[in-house]
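See the structures that follow.
Here come two complexes built around chain A, the first alongside chain B, the second alongside chain C.
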Partner chain A sequence: MNVVDSIDVEARRRAASILRDVMLRVLDDVIKGRPPKLVIPKRTLSNTIFDPERGILVLGDDVFERNMLDMGETRRFMQTLLMASIVYQALVENEYPTIRDLYYRGKHTISYRDLKGVLREENTWDEQAESDAAIRDIEVATGLLREHMLILSKEKGKVVGNMRIRSGPDVIDLSKLGHGAYAIESTPDLIEFLDVDAEFVLVVEKDAVFQQLHRIGFWRQYKSILVTGAGQPDRATRRFVRRLNEELGLPVYVLTDSDPYGWNIYSVFKVGSITLSYESERLATPKAKFLGVSMTDIFGDTNKKPYLTESERKNFIIKAKERDVKRARELMNYTWFQTPRWKKEINMFLEKKVKLEIEALAGKGLKFLAFQYIPEKIQVRDWID
Partner chain B sequence: MNVVDSIDVEARRRAASILRDVMLRVLDDVIKGRPPKLVIPKRTLSNTIFDPERGILVLGDDVFERNMLDMGETRRFMQTLLMASIVYQALVENEYPTIRDLYYRGKHTISYRDLKGVLREENTWDEQAESDAAIRDIEVATGLLREHMLILSKEKGKVVGNMRIRSGPDVIDLSKLGHGAYAIESTPDLIEFLDVDAEFVLVVEKDAVFQQLHRIGFWRQYKSILVTGAGQPDRATRRFVRRLNEELGLPVYVLTDSDPYGWNIYSVFKVGSITLSYESERLATPKAKFLGVSMTDIFGDTNKKPYLTESERKNFIIKAKERDVKRARELMNYTWFQTPRWKKEINMFLEKKVKLEIEALAGKGLKFLAFQYIPEKIQVRDWID
Partner chain C sequence: MSRSELEKFREMSVAEFFSKYREVAGFSNPARALYQTVRELVENSLDATDGHGIVPEVKIYIERVGGERSWCRVTVEDNGIGVPPTVMSEAFGKVLFSSKYVLRQTRGMYGLGVKASILYGWATTGNPVEVQSSTRGSDYVYVKKLYIDTKRNEPVVVEEAQFRKNVSWHGTRVSLIIECDWQRAKARILEYVRRTAVIAPYSDIILQTPDGEILFFPRTTRKMPKPPRTAKPHPHGVDVETLKQMLRATKAKTLLDFLESEFQSVGEQSALEFLKVVGLKPEMKPRRLLRSENDGLLVTMVEAMKSFKFRAPRSDYLSPLGEELIKIGLKRMFNPEWVDAIKRPPRAYQGHPFIVEVGMAYGGAIQASEEPLLLRYANKIPLLYEEKEDVSYKVVSDVNWKQYDIEMPAPLVVLVHVVSTKIPYKGVGKESISDVPELEAEIRNGVLELARRLKRFISAKEREAEAMRKILVLARYIPEIARSLKTFSRPPESWKPLEPGEEKDVVEALVGLVARSVTLPRSGDNPGRSVEDLVRSVISGVKVS
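After this line comes the complex of A and B, so read on.
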């Protein structure tokens, strides 16, 4: 009835097989009379460590066992098994669930009699937080990301540029999209990179700036691939950028507002997010570089002329809010922000207590942003690593 | 240097010419010794009326004159003129400004001596609210939407389906986008519709549900065009949908959550938004129909079996919040919600005080949603107009 996509069929087969193996091990425990358990790496802050060699956040070695016969764990154990069976069923039935509808798929009330024979009712889960946690348990227990299990989600990443890709049965030319762009799919691992004629990847924080650079022909002028995550990037955008870097060897430059919020977006692309560090191994791009806007772009430095004049500074810069200052102080504690160049950037921010939006540079003229500021910064290697 | 797009060149020429004519009339006042003024339709709630014949919100006949010599209006008058000159300059210089960078482009401090000879300083504008208001003044004074003036903005609308379009120099086949989608451009009036082999347009509130329906091949199975505005739709998505309806004669069905927030999204597509009613003439799709999820889909009705079983209802429905009830009562006051069918829908909601997400239907199985619920509702014309 529906069009079966051979790429998806192969992905389903692989995920279903891995998921089945993990679940068979649990069954094996039951058969052999051992208490059924799942061994799962701990997803706690204390077990989240920065691996300086690989330059990404990873989960440490702490594991815990979800043991069915441990009363405190029984509910979570059963939730994880329930979710695994729903995901498995969706895989073999060619479904494309979302995390929200997985919550609905599994939500029901179980009636049972307690030890005293009293009829009781309990919900499999009440909140999506519980079903989401079960999905994360399965991700870390199997090493499969939810994307590998064909679980879809809301995506807002876009790309244009000098390359062609294969997605599903189609070949898409990312240089022939008119004024629009390609909305990146939920399962970026299934994308095949075909002809690439680009020298770098520019990741832009803001969708509107992405559109400006696209429309003025930036990626055509400087053979490149232009990506936006439209604010905090989703998983698919991060994975897509990582693959461009890792598989094609393209340098990745990140352009954000000059403020702690922008630095954080760069940080999520580069080392991963702290709350979901188990994803970083596949989603982070440790070689990504912060192209700007930097404090020295605004104020200049020894041997560096600022990009803004005195009067532009006066008109364009915005006073930092208390929460910006607080956020900057937090970022200073992260290992990957403790390089000399980042220390200088953050200290300069804390001293001046001002920030600047990319749009202020576009306000100087889009041509300035597209054909002077960005290419010049790349050419003289004026980025922060 | 940059690639000049002939479609954009033509659009620029047209907008610049209209903008110049309006400004020349102001200049003419000065030359002829008349007080310079701009006649602008009032964008107030009391001048926002529902035109039952056309089925959209429009501005009434009330106008006001921004008179330069009226001290209370001088600042706004000058801001409007300043903005007009910045937009004009951007048009002739092949720039693609955003509303945010137009704010920066015009932001500066004017020094002057007052009548007593004291040196004073005043900013052209302090907040983006002021520069945005100037853009809206220009839109209503010239009849040009900001999109016609090549002013770009953040966009989140996506489309896939059985049609090809021309955008800029490229032809894009919306049926050959793999698992991804086409991100709709900021200037949808510049899109040319080429080969269309579709019988209807389905607008889905949520991006994740859009992706599910896309991935399972909904639009291929039922020759159609699938659009999402990813929540509250932006202007470009609304204009794109309107054009599909008006120019191609395709029926438009809107699928949202079953709650006042979903109804409001439908309402914005159908009649326009109340705060920006002057856009409705171009952005609203008065013939759009609310396909669901409706209260009778959940609970059934005389002669209609509900789509949910008793136990599904128990698991899937969500208790309405106080603000949902409040919003529903507000919507009841709008003319276009005062049809018998809508009254019944809203009353049923107020009586039951529950809501339902589309994902709950996908939770019953994506195939149920894609290959039973939606096509059946369309076939038996079970929508609300």
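After this line comes the complex of A and C, so read on.
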């Protein structure tokens, strides 16, 4: 019994063909006696550019050639080609390897003789970090994301809300999952949106807060879709949020802790991350808005009353650590944090040197968070873009 | 003081002086005395052989004698030209009597050495020296036992004999009993003999020690340097005393003739010009200058000679070792990975010609050390003491080896050989050479030139090692890369896994590619395997799973 759905088949056919074309070019070089090489865009900070028009991080034009005959690159070259052959084989054999599977499939011993004739051994790779890097090399060299190559990873993101989707052969109603939630699959592009009755998407940083808002019925009351990436969001969660925004036209609000770590999670959703900037075009949601918790929510502003009383503030805020301050200063260097609102936010943080977790607002009362704080902020458009 | 009293005083003082102040000649203690005795005897033996075109065989025996007393018998035998019986007594029994008081490059310059040993032996043990010698072509071996009457500086023969030869041997065998300290002298003596073997690789040298060891340094070549020849003095190199001696001895009738015939590098033209400068008539009789009223004139003349521009002194009567022999000597003793030598062009200082030769050895069996091992030689004699006083040490320790890609500690030997009719020693001990600027410059030129050659060798070796490493790094992945690439030759529609060995054509193509990408400089005696062979050897018999 081999259930292969049509969306999968099409994805496989396309990925295998692109991957094969790239590798046949390398093979052709070898046969014709040309130094074989892979042209790979550089995945470095210096080659990561913020595109202000699209509002996302993109990979610059810098490429490097991974030349097999360059001693420093030969091992990586071998690893990339080995990984490519395993992925190709998995694609044509209708498998769904995880990145961990691929690590094990490719891990074996290379034997060779040194120039004295002594037999020596070396592993194709020792750690998964090496095989993961080989996958990323293939992604940038081919323009295929690993989701396109049907490579699975651990599911981390969750979603609930008033919508129905098709995943594989099944139709799933995201409003009928009880206390649980739908785990966003590794291949979110294979999800089909069927019908949706929602006005916005709320992304919360923390899984615990997601569960609280789900149980208290937030999404039902406010006709929304509730998503969490449970900390740093994985690629699937980001792609899923992006599709909700782009294909369904739903506004996306992000709710994180009030600290540089939380701001960074918002930033990853909105503009993309530096290590994966080559995917931002597909993963980033440039229209995502930072709903809170903001410094002005804690301390108030001209024309704005703080959400916390003097004594609550005293109880809930936490002193910022040295590394928080350092991280905040780093964020100030990024173009997309150089808007007047962000400058004000970061400067306030640097001045007060305190932070606040979302749980603190739930501590003030879950109902306050769900039915007052969040809707009121959306209502008065008190967010940072 | 009358003239005759003065003469007598000087003559008496010579042997007595060495007897009383023996440290001056290197006999300050029983250890040093033993070393010095071996050295003097060996150097005489080598002068009597290679100095006359004979391939040397030198046998050194050191034995303990005299029971409880710290006495040694030192015997050195050679196959040299021998000492004629008529001069034997004087040669060994009269201080400052020597065949070496001519301008010729010899090992022992003043002819004091062996007589100092005889004086020392007589003073410390009361034993005479025993000499056996036979010249080439003589039918007899002459034997004498003698000591030196220090007061009269005369030999006193205790015993003498002559034997008909029944073998074709010629040469000299000298045997001395002296107070000694073998334990403290041992290291120096072994080092001395080793270093002598380096500089005279055409010699057979045998050393038998009191410990019963026999060290044999067999010759590795029969090629010898051209023997040194006697030369006339150069006007830049004479002093008043020498000039007086020459004026006394000359057969020349005029000053012009004297200058032309008794000096080197002086022709008629330069002699006339010179005489004009000092204001002397060319036809003047040479002996007139010896009159006491002309003493001042002689001083003026010597000073003028030093500054007058004569042709440079000739160097063709010097006997350098030659680059080949230096390399042979270093190779034999150190078995290095790399060795080279350079003979600098002849130069002169103060009228004395000299030639600097430098040898350098690197790697192989040489022990790495913080400073290069410096082997100093003067007129083929190893210099062991006072290293840090020596001009060669100054030059070598000034070298910034890093600049030549040599990281200290390194397995490096530097040999410096100076030959000259007059080595500018620092002291009477003759163990270190002064930093005469002309000499220092030549030593530096030689050392730096060899350092540059060594740098080229090291960099070629590094490039070779780098090429080898590249072969190893690239080749090992060929089977894996070939198999991965070959996988893509299967289209998805007709997919099946690769058969074993199906990627062979890709392997072949990759072997060619890798081989072409490496250039292998051959630095040394590396047997010439082709790059492609080396690439194949890395992956031979290796399967891809």
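Convention: the second predicted complex is superposed on the first by the 369 of 385 C-alpha atoms of A that agree within 3 Å, B and C clash if a C-alpha of one lies under 4 Å from a C-alpha of the other, contacts with A are read in each partner's own complex, and residues count from 1 in each chain.
We adopt the following convention: a contact is a pair of C-beta atoms (placed from the backbone, for glycine too) under 8 Å apart; a residue touches a chain by one contact, two chains touch by 3 or more.
Given the structure is predicted, the values throughout are model-derived calculations rather than measurements.
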{"item": "First (chain B), second (chain C), both or neither touched by A:R20", "value": "second"}
{"item": "First, second, both or neither for A:F193, with chain B first and chain C second", "value": "neither"}
{"item": "Which of chain B and chain C A:I184 touches, first, second, both or neither", "value": "first"}
{"item": "Touching partner for A:V92 - first (chain B), second (chain C), both, neither", "value": "second"}
{"item": "Chain A positions touched by chain B in one structure and by chain C in the second", "value": "108-109"}
{"item": "In the complex with chain A, residue positions of chain B that touch it", "value": "1-3, 5, 8, 93-98, 100-105, 107-109, 152-156, 158, 165-172, 176-187, 190-191, 206-209, 211-212, 215-218, 220-221, 230, 311, 314-316, 357, 359-360, 362-367, 370-371"}
{"item": "Residue ranges of chain A touching chain C (in the complex, touch as defined)", "value": "13, 16-17, 19-20, 23-24, 26-27, 30-31, 33, 35-36, 68-69, 71, 74-75, 77-78, 81-82, 84-85, 88-89, 91-93, 108-115, 117, 120, 122, 124"}
{"item": "Complex interface listing, chain C residues touching chain A", "value": "468-477, 479-481, 483-492, 495, 497, 505-506, 509-510, 512-514, 516-517, 534, 537-545"}
